[in-house]
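What follows is a single structure, and I will ask about it in a moment.
Chain IDs A, B and C follow the sequence of writing; residue 1 opens each chain.
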Amino acid sequence: MPPPITLLTDFGIDDAYAAVMKGVILTRDPRATLVDITHAIEPQNIRHGAFVLATAYRYFPKNTIHVAVVDPGVGGERRGIILKVAGSLFVAPDNGLLTYVIDQLNLNDDVVPDSGTEATMIRLKRGIEAVSITDPRFWRTPVSPTFHGRDVFAPVAAGLSLGLSPYEFGEKTDVLTVLPITRPQRMGPGETVGQVMHIDHFGNLVSDIRSSDLPPGPVEVYIAGCRIDGISHNYLGSGELLAILGSSGYLEISLRNGSAARYLEALVGDEVSVRAIA
Amino acid sequence: MPPPITLLTDFGIDDAYAAVMKGVILTRDPRATLVDITHAIEPQNIRHGAFVLATAYRYFPKNTIHVAVVDPGVGGERRGIILKVAGSLFVAPDNGLLTYVIDQLNLNDDVVPDSGTEATMIRLKRGIEAVSITDPRFWRTPVSPTFHGRDVFAPVAAGLSLGLSPYEFGEKTDVLTVLPITRPQRMGPGETVGQVMHIDHFGNLVSDIRSSDLPPGPVEVYIAGCRIDGISHNYLGSGELLAILGSSGYLEISLRNGSAARYLEALVGDEVSVRAIA
Amino acid sequence: MPPPITLLTDFGIDDAYAAVMKGVILTRDPRATLVDITHAIEPQNIRHGAFVLATAYRYFPKNTIHVAVVDPGVGGERRGIILKVAGSLFVAPDNGLLTYVIDQLNLNDDVVPDSGTEATMIRLKRGIEAVSITDPRFWRTPVSPTFHGRDVFAPVAAGLSLGLSPYEFGEKTDVLTVLPITRPQRMGPGETVGQVMHIDHFGNLVSDIRSSDLPPGPVEVYIAGCRIDGISHNYLGSGELLAILGSSGYLEISLRNGSAARYLEALVGDEVSVRAIA
């Protein structure tokens, strides 16, 4: 029984695009176990896809193949890549979709930029296995210039599922594309300022602040002009608005039995500040 | 080949939460067949989840494991439970999510309350197997106080899929939490008054009135000030607005080729009355 | 390992209807591999379902069983059918849901009408295997007059998955129902006029114009009063609005990094014109 293959795309679930990728995979490896991570990534929003992918991959079995397709540059010069790291294989366009995976697993030798909006190439640490998908032997032909998910990435994933080495699909590369990642700033010992990275289905505001970024001792959290007293251990604390270390390890702002995003009219990029109580 | 594992949650399909539960299950039992019932339960709406679960479980293979997570009390005092009944295993927070399953299968010794809004504990009939999930051996650690779906319920489901007895996961209990269930009222022999329990994807209004609740002979159905003449056998009867005994056994109000909910501006809780024709 | 079973319906994913079909299938064939094509077909829109089905089936493994249920006539006189063609089995109500499959595979002996709105019966070519589902042996009983997906089509699909011949389920038929299909018109050698057939998740406007319908040489594309200069090879051409031969073989109008449908306020049925440059 081969490891699962996961799919993350911005294809939506109204059309057959995601299903077509599954059909191509099952045609080549009928034993494949397919799991949708999501197909609701905002169209062409690579950063959104990169973030959701990074919240998911670590919970899958060893050697799971993660196929991610958010691909505004399809049909152009951007490469397709395979990245093999401890326990996971990733198949994706080389456009920054693996940014948070690379950052979390500390695969980069060069520093991932923390400002700007442009994607940049960074060098990987020695020993990291990455492959540029260049060998057309496994592709469907002719390759549609608008649907590499079907004609390139799905066939490559099926080939990996069948046990082929990543090196069968192209040449080793030691650089990959990343997007800049904002980091929370320590404003002296008593304050950390971060921002909202993601808003989830419940309207929870997921910030980029981790436990290790917090000032020591009791704190207050500020967002959108609201003050939250302390960090709660669950959704049952006093007060309606809560700050809590969420299940992905980031500080989240939640509204008890409601949507913090709607209540605060908050957006991705909004500032979140944590201050030690004087 | 183990029985399927179904998932019903309020997690939505935009984030990776549901996929993460699948990853955890497949890590522990790679043979698992996973089926989504839905992830579109209204956030924190236990009653909604309880109703949809009760429309689905009976159509799955014997010994199917149904994991249901609508869990506003996660991280607090509420228990996790396993309920084993003829042909099905349920894994869920003990917050009323199994109310309609318990009621349909007549598992309760105490009466399920028919008014009020508070959840209450009821005693199960002798011989019903229910387990309070208390043994942390199978949980992921540390357990996130906000995501027991990932750290408790998915691992327990995988353990059951591997063939472990429910009693491996905690101690037998003979009480479970239920929500009050409204029942249609007989207003003398000629009239039954019920209410809309659920509005489905097509805008059909699913009431709590069953065939056995109907007055004998020809009837009229009243809803939102509209009169419907008789109960149709299919969607093809005369008239635009139809009353029909739906596929789950409840009386439904439908609009031919349209949404009765939108047409009538109807809501869950609206009154539905069936009167014998004088 | 049996071939996959795909599901395409207008049931949505908020209720358990699609899951119930899966439960019924897995009860009868626990080995079944189930793949959702989509459950987001517009309610009762047979043409929409027919189009999406026709974009998907060819990418699945040989002998895949495609179950399609968009069924406003459920419970009435319309037949259920099985259609077996090179590499695929279809199970569906006989209401036009297979129109584009029949047209693409050229299964019809009679001409598929190109105007009007009514469904019509057409004769199939000799040798095409189609079966009218009339034998209740495999159905769930009693059959709900509103949910043949659960009680007829799912059981038939499971039976086919178990290896039964289509002829076990009813009698051979040589006529099937189709909807009229509009065709692009050649207005002399220099112009082709078609229409928008489908709007996808990205807001791409999928027309009914194929490569072979295009005038020779350089062209301009007109839609909603906008002129598009030439046909692009990918989404990276100059200009914001692009015409491109999409992954299904039809001419599509796209907006770079945006929704052409929203930008042009376009609807299914809008005219698309391609003119040779004078």
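We adopt the following convention: contacts are C-beta pairs under 8 Å (C-beta built on N, C-alpha and C of every residue); 3 or more make two chains touch, one makes a residue touch a chain.
Computed from a prediction, not measured in an experiment: that's the story for all the values here.
Chemist: Between copies chain A and chain C, are the contact residues mostly the same numbers or mostly different, with half as the line?
Modeler: Different; most numbers are used by only one of chain A and chain C.
Chemist: Superposing the C-alpha atoms of chain B on chain C takes a rotation of how many degrees, nearest 5?
Modeler: 120
Chemist: With chain centres defined as C-alpha means, what is the inter-centre distance between chain A and chain C in Å?
Modeler: One centre to the other, that is 33 Å.
Chemist: Two or more other chains in contact with one residue: find those residues in chain C.
Modeler: 13
Chemist: Using the touch rule from the top, collect the residues of chain B that touch chain A in their complex.
Modeler: Interface residues on the chain B side: 11-17, 19-20, 22-24, 26-27, 30-31, 34, 43-44, 72-76, 144-147, 150.
Chemist: Could you pull out which chain C residues touch chain A in their complex?
Modeler: It comes out as residues 1, 3-4, 6, 8, 13, 33, 35-40, 52-53, 55-56, 59-62, 64, 200-202, 233-236, 244, 246-247, 257, 259.
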